[in-house]
Amino acid sequence: MAQEAVFDAAVAADERIEPRDWMPDAYRATLVRQIAQHAHSEIIGMQPEANWITRAPSLRRKAILMAKVQDEAGHGLYLYSAAETLGTGRDELLDKLHSGRQKYSSIFNYPTLTWADVGAIGWLVDGAAITNQVPLCRCSYGPYARAMVRICKEESFHQRQGYELLLALSRGTEAQHAMAQDAVDRWWWPSLMMFGPPDAESSHSAQSMAWKIKRHSNDELRQRFVDICVPQAASLGLTLPDPDLRWNEERGHHDFGAIDWTEFQEVLRGNGPCNDQRIGQRRRAHEEGAWVREAAAAYAAKHGKATA
Amino acid sequence: MAQEAVFDAAVAADERIEPRDWMPDAYRATLVRQIAQHAHSEIIGMQPEANWITRAPSLRRKAILMAKVQDEAGHGLYLYSAAETLGTGRDELLDKLHSGRQKYSSIFNYPTLTWADVGAIGWLVDGAAITNQVPLCRCSYGPYARAMVRICKEESFHQRQGYELLLALSRGTEAQHAMAQDAVDRWWWPSLMMFGPPDAESSHSAQSMAWKIKRHSNDELRQRFVDICVPQAASLGLTLPDPDLRWNEERGHHDFGAIDWTEFQEVLRGNGPCNDQRIGQRRRAHEEGAWVREAAAAYAAKHGKATA
Amino acid sequence: MATAALALGDDALVLSHRLGEWAGHAPVLEEEVALANIALDLLGQARSLLSLVGDEDELAYLREERSFRNAQLVEQPNGDFARTIARQLYFSVHQHLLYGQLAAGDGPFAPLAGKAVKEVAYHRDHAEHWTLRLGDGTEESHARMQRALDDLWRYTGELFEPVEGLSVDRTALREGWLAAVTEVVERATLKLPDGPQTGAWTAGAGRQGIHTEPFGRMLAEMQHLHRSHPGASW
Amino acid sequence: MATAALALGDDALVLSHRLGEWAGHAPVLEEEVALANIALDLLGQARSLLSLVGDEDELAYLREERSFRNAQLVEQPNGDFARTIARQLYFSVHQHLLYGQLAAGDGPFAPLAGKAVKEVAYHRDHAEHWTLRLGDGTEESHARMQRALDDLWRYTGELFEPVEGLSVDRTALREGWLAAVTEVVERATLKLPDGPQTGAWTAGAGRQGIHTEPFGRMLAEMQHLHRSHPGASW
């Protein structure tokens, strides 16, 4: 049990656990599950935005969007590498994603219906992701924490770009303003759901907090996000679609309306608007790419070089 | 030889040869080849126009174009049936088309680049086809002649619609007028080539004339077409792209410039802009439809009903 | 009435467009003719319905995605022939029953529905025949047809949602539809997905202008030329 | 110079767009990154080049198909990964040699080409490596790569046609290109089609605004949103 004591002491002292350090099996499993889900979210999350690359309305915006989607692929790479340091390879994780044994963030099961959705995803979805992820930069597992530092930096950049896209629309023509408002109306509630179920119903939280994988409760982070968004929405000249949203002087926070957790559960269960489409496209890309990966492997085997 | 004499006499007397009548093998083979090529042209000819169905700029024009492309499929059906009366089934002919052993009209190896091309095809390509086909309504082989009567009627309708489409463009905005002129510039010469090589170099003509399958020479028909088009172009307010085009009082016909037969031969040889694309799409549709045809046949075999 | 005319008109317009994409790609020449025929009927219906609301071309070409009121079912991509037939089956049985009710009533759509119901009877017949052939054809066609029925099932619930200005007996519509579709599907040796409890049944909000991602690309192709020449006549 | 800037700018713009279509569909995550990288480089080049002629967005979004001056090669649909790689190989070797010449000269494109040539060297390297892997990989990849090289060959001749305002040694370009491409293709155990005498070599008139049918659909998708909001800023 000496090993376990060393591990516990390191966690308690806010030291980093590194790949070669001993760690409890459950800690390892929890991290792999969480990192994998995060990696999967990055690569599935490319789809709703990639949907607009070919229709971006200016070349400048097109370049920004392409770069953003590329960054998400890059985040996927870092994260799969982080999982690999825990002994689980990318192929195995992708297999679990494709067969539905591992999840990705439900937010990506909503469609991008207009150009403004690209902005709303940047502002709200990336904003929520950052709120979730900033504390992960201090996560007890070193490789994950370091990946998160890099990812958070890029995501704040994306978040600002999303905000700026919406601002241009909000200040643009009437049709553009309406488009921006409509996007915010559709993405606001799903963004709040990104923080997961209310603390009372959250299953993995306590242990993750003890291990310093997680540092704040779902409801704390959700509240922080709402408090950040309210003034930003005002600067944007857009309304958040919640009649119960108001400043609570006493709490020093904004109160907000009840979340429709039935919808959340439905989407989680696979009945969201795009679940089949997203996983279908992912599987198809993987299957149609099989011959390419096989070719690269065959070439490497013949010529003793690394694959792509 | 009594049979041959009966056949010759019937042809000489402008009577119709019917499927059960005796006919020379070469007559039958010539007809099958010509009818098949014509049928193939109808179904390949759907492609360049179908290319614009999804982009037609008004619902009225969309309905007209859809109906036209549908008519072409219908013409294909009549013509394959006419070939069938000569003992050669549709499957065999399609097989020859897909394997490149039978041809279709080279005109369909040019791309439709703008909406005006739909009009130019109607006016010029259908116009040339009608000029070629009207005499075929008096062809010595009954089923072919009767199919041609019906086809020519529909094609004159298409030709008028094409003319009317171009007229609307020519009288429309500057950009629309330019689009119409550009289409005529690109389709004029290929349309003239639709009548086939100059009489001096035409291989099958003499025998076909004797059999009354063909009734006018390539050059005669080409001249007739030019003489029809010149005043129509003037009414359209469009120019035909031939600086040598002028009325020859003495001949009572329009003189016109030299045709680039090298281009004709190249396209015929498979090097036209769209040869691979057209035959590729045809083959793909056929291959991807194989399971549907097999299902229909299997169902018919089980239930003793005719297939689709 | 405008809301109802848009809903019905957009259904017909969008399905007609999707069927038009088959031109030159059908599995057999007879289907080039049949699919174009159905597409033309639907386009005719769409033009009549949209004209009740405004200028047909402005409505078709100058509205944005969020203003289209068609059900999500009709905008689904063609996929293979089985998927197109499943879409046709689900939609045409619904449309046949709906137009039958409308034609029998004395509402504003009665004359139009009275004419269209005959066309739609043919569409339904076409879809039912192919469902039988594909379902009870080969092993491959059976599997493809079953997959198509399963995949599109989630978009059927929306067909029975109330539409403002459309006074129909929705219970009769839904029950009649379920009975008719079940009958054909079972005769075709296929199975209908389990029903409302799948959750999928309840998907779709096309009538509120929420569409699926492929629809935006469809509109881009459909509207591009028209929008490229503002104010032009064609 | 405007003609040349348009030709080079449209090449970059259109190829960038085609590569952008891969986003979310690549065979392996590293290629999501690599293809996006190349697309971004090309988009940057396109923006610089088009800005020499006028407003980049007006040029990209408000020209009609017949006014685009890109070579037909770059507008060819992505097809499978082999086809995309073949297109990249043919184009990037050409672009690398061309920009090399321009960078070494003192013409108006020298500064831009000097910067871009380094990017393009990476594109070329990427294409060459994949050509080797696919050609000398499995039987299937070999067959796919060979088919892709064959199919796209006909569009290569146009790359060596004279372009007004572009002073380059076209003979050197053509010979250098043929030597370089032949070398890689042969090392990949593949064969280049027979050469000019196939006739195919001479196809293509994109510089005169004659394109291939898929290009119109590509433009519809690319321009639809921009054209839907005349005069708007984004």
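Chains here go by letter, A, B, C and D, matching the order in which they are written, and residues are numbered from 1 within each.
We adopt the following convention: a contact is a pair of C-beta atoms (placed from the backbone, for glycine too) under 8 Å apart; a residue touches a chain by one contact, two chains touch by 3 or more.
Here the structure is a predicted model, which is why all the values come from computation and not from measurement.
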*Looking at the contacts, which chains touch subunit B and subunit D alike?*
C
*Write down the chain pair with more C-beta contact pairs when B-C is set against A-C.*
B-C
*When the C-alpha atoms of subunit A and subunit B are each averaged to a single point, how far apart are the two points in Å?*
58
*asked:* Can you work out the whole-Å distance between the CA centroids of subunit A and subunit D?
replied: 34
*Any chance you could list the residues of subunit B touching two or more other chains?*
55, 175
*Multi-partner residues of subunit D (at least 2 other chains)*: 64, 217, 220-221, 224-225
*Given which chains touch which, is the overall layout a line, a ring, a star, complete, or other?*
other
_Going by the touch rule stated at the top, which chains touch which?_
A-C, A-D, B-C, B-D, C-D
*subunit C contact footprint on subunit D (complex, rising order)*: 64, 217, 219-221, 223-225, 227-228, 230
*Spell out the residues on subunit C that touch subunit B in their complex, using ranges where they run on.*
13, 17, 20-21, 23-33, 36-37, 39-40, 43-44, 46-47, 50, 56-57, 60-61, 80-81, 129-130, 132-134, 136-138, 140-141, 144, 221-222, 224-226, 229, 231-234
*For the complex, which residues does subunit A have touching subunit D?*
43, 46-47, 50, 53-63, 66-67, 69-70, 73-74, 76-77, 80, 90, 115, 165, 168-169, 172-173, 175-176, 281, 284-286, 288-299, 302-303, 307-308
*Residue ranges of subunit A touching subunit C (in the complex, touch as defined)*: 48, 51, 55, 111-114, 175, 179, 182, 186, 266, 269, 271, 273-274, 276-277
*Spell out the part of subunit C that touches subunit A in their complex, as residue ranges.*
64-66, 151, 199-200, 203, 210-213, 216-217, 220
